[in-house]
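Mind having a look at this structure? Questions to follow.
Chain lettering (A, B, C and D) follows the sequence in which the chains are written, and residue indices restart at 1 in each chain.
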Amino acid sequence: MIALSDQRELLCRLLQRFYDNGWISGTGGGICALESPGRLLLAPTGVHKELVAPEHFFVVDVDTGSVIEAPSDATLRPSECGDIFRTVIRRRGAGAVVHSHALAAVLASDLAAEGALVVEQLEMLKGIPGVTNTDRHLVPVVANTAREPELVSSVEAILTDDRFARTWAIGVRDHGAYIWGSDVWEAKKHTEVYHFLFEAIVAREGRA
Amino acid sequence: MIALSDQRELLCRLLQRFYDNGWISGTGGGICALESPGRLLLAPTGVHKELVAPEHFFVVDVDTGSVIEAPSDATLRPSECGDIFRTVIRRRGAGAVVHSHALAAVLASDLAAEGALVVEQLEMLKGIPGVTNTDRHLVPVVANTAREPELVSSVEAILTDDRFARTWAIGVRDHGAYIWGSDVWEAKKHTEVYHFLFEAIVAREGRA
Amino acid sequence: MIALSDQRELLCRLLQRFYDNGWISGTGGGICALESPGRLLLAPTGVHKELVAPEHFFVVDVDTGSVIEAPSDATLRPSECGDIFRTVIRRRGAGAVVHSHALAAVLASDLAAEGALVVEQLEMLKGIPGVTNTDRHLVPVVANTAREPELVSSVEAILTDDRFARTWAIGVRDHGAYIWGSDVWEAKKHTEVYHFLFEAIVAREGRA
Amino acid sequence: MIALSDQRELLCRLLQRFYDNGWISGTGGGICALESPGRLLLAPTGVHKELVAPEHFFVVDVDTGSVIEAPSDATLRPSECGDIFRTVIRRRGAGAVVHSHALAAVLASDLAAEGALVVEQLEMLKGIPGVTNTDRHLVPVVANTAREPELVSSVEAILTDDRFARTWAIGVRDHGAYIWGSDVWEAKKHTEVYHFLFEAIVAREGRA
């Protein structure tokens, strides 16, 4: 509904929407998307994400992580999530990845046992490719680390673990979640779906 | 307040509002309305509902479900809710039906016993035709199914059950709700009324 | 900040804001304000309140309740709250009254014992004239009735009860609240203040 | 992203955003920022904060608190928070201070023992300079007073207490919080960060 040529604009609109939802407040969170094979659009770090404009993105080499094009604003630095984003893209063929700092992701991750959240009995599960409402869906949850690049090895381990073959999200305890899709629109969809699942788990647990 | 000639525009605005309310996130939910006798405007499936535009609607035959007019965007497919929508329209004379994926509808449906939610002690009940605040209003809740067309027979049974003669909504466990009105404006009103009732039931149950 | 000549416009903006807050959904709630001595601007009943336009208001005689001017749209009828609104205006010298259908007002009213909510230990109490944060503020709560005009005698009794001399709001069990101010801006302020108080009471009670 | 020359405009936009978040309703809350060394832009008191316009600000002497420039609207009076704001600026070198009336700040302050909230196990802690996610961060909480200027001595004591050397916020029981940054953008960031922390503490405590 928005042409691919407007991809930077689309990423900015998603950041605004996610900010309105409270998922990336306090300059937290991030987003990236493949502009073309090998070239990754990456939002800057440490800025108010809802105010990111199309000209603020870095273009990064997906394989090496090196900056191919930098924004003209020399004060900007590329997102600290870059290494995790590139790992998800390479391991899962993702075209876009969202990093959420939503409270619901934190509260849901609190409930994970043995490194995973179990999600079941929810129609919204159908929003995940290959998953249906009668499935027991496992969302991996990793421990938080002092710096985001240190999460890379945990994320790498998750992405090669058969238990989590169907997941399009990884929770990070006390922190939030990484959520991806094969393109930006699917990443938007999955971001909404997983936040719904997180909220549902938290609400149902409050009753148990 | 918006002329009937703008009905497609009105449906799009309602989708935007319902999305802002969190009722149709993750491409979930849907909407339909009679454009004229026998011709049903039906939103497409699998798209970000808040971005649906007037030219994206299908026109479907109310009796047969066959597509009379398709949008020029050939990638669009008609909503999977079509059969349920048409059943509600035929059985209840509805002019518009909303399908909600709200968390409050899921959490309220969790509380249903013997296939129904009991709603009472709420002024908002007066928002439902023929119901008053001193009534004990029964909202039917059906089990979820693997695919939405399979819900048709449950919905059909509900709509011919005398216990539920006054309901303008059907909850679907783990899933959401179908809510209708005699026209689009009444469907909007009932959608807001039933979501308020769902939220009230969930909040009051949390205290019990 | 908006001139008095724009009073109808201001009332419409407040309805939009209150609707966004979830306080007047499902065509519920209402608003009125004195246009000039004796002439009361009254929103119509049974319409989607967030879509009320300046030309939709009735002008009603404050003393008799009779319609002085009706909107050109002949399908509109004056709010059912008219009698209660006029009672508050006459007894308390109010210049504007809001009728809320907020869930927080319902849930707070559930907690009232002996016909009143006790509000204390909140800075927000200072938003009410003559009340300070060290006061124990009593908000009267009346039983709901089948029709809103029947509430008039309960409201009249409350407004002449010395216990409630300082209140600018009356809760209605299972229903919502009436909140007023000496003019529209103060009614807006008090509406926000009392909703904050309702939400605080409900949240704190959930812990007790 | 918005030039410093637009600082008044930026303060107004932040007030609008904070109002939308429910942090400064009912004319509560406030904001200030250094326009230049010694000159403090101060919002007016007792007005609907989301409607404050650039021309409504006072310019106040940071050292003495005396008004250097008053808005042309003679009905406006400077914020009651002025003395507390100036204390924070002088003691901590802050460039901007926000006063929040958020319910989450009140509910979190309810949980403080021995004058402090303990915040830990949250990535969002990294949004505070010199604090990391493995730290145990202490947020001071002072008792409320009848009038805001009386809080000045409690605030002064907090700001010279070594236990709270790293805090950029002070909770006020039953009331809200003061939150600051070295400039307006950092104050915005810290405001969002601390509200997230308050919400997280309240949600996690509800489970304990």
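Please note the rule applied: a contact is a pair of C-beta atoms (placed from the backbone, for glycine too) under 8 Å apart; a residue touches a chain by one contact, two chains touch by 3 or more.
Since we're looking at a predicted model, the values are computed, not measured.
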Chains touching both subunit C and subunit D
none
Quick one: how far do you have to rotate subunit A to sit on subunit D, C-alpha fit, nearest 5 degrees?
90
Looking only at residue numbers at the subunit A/subunit B interface, is the share used by both copies over half or under half? Answer same or different.
different
What whole-Å value do you get for the distance between subunit B and subunit C if each is reduced to the mean of its CA atoms?
31
Separation of subunit B from subunit D, taking each centre as the mean of its C-alpha atoms, in whole Å:
44
Subunit B: which residues touch two or more other chains?
206
Within the complex, subunit A is touched by subunit D residues 1, 121-124, 127, 132-134, 185, 188-190, 192-193, 195-196, 199-200, 203-204, 206-207
Which positions of subunit B touch subunit A when the two form their complex?
25-28, 47-48, 51, 53, 101, 103, 106-107, 110, 144, 146, 172, 174-176, 205-206
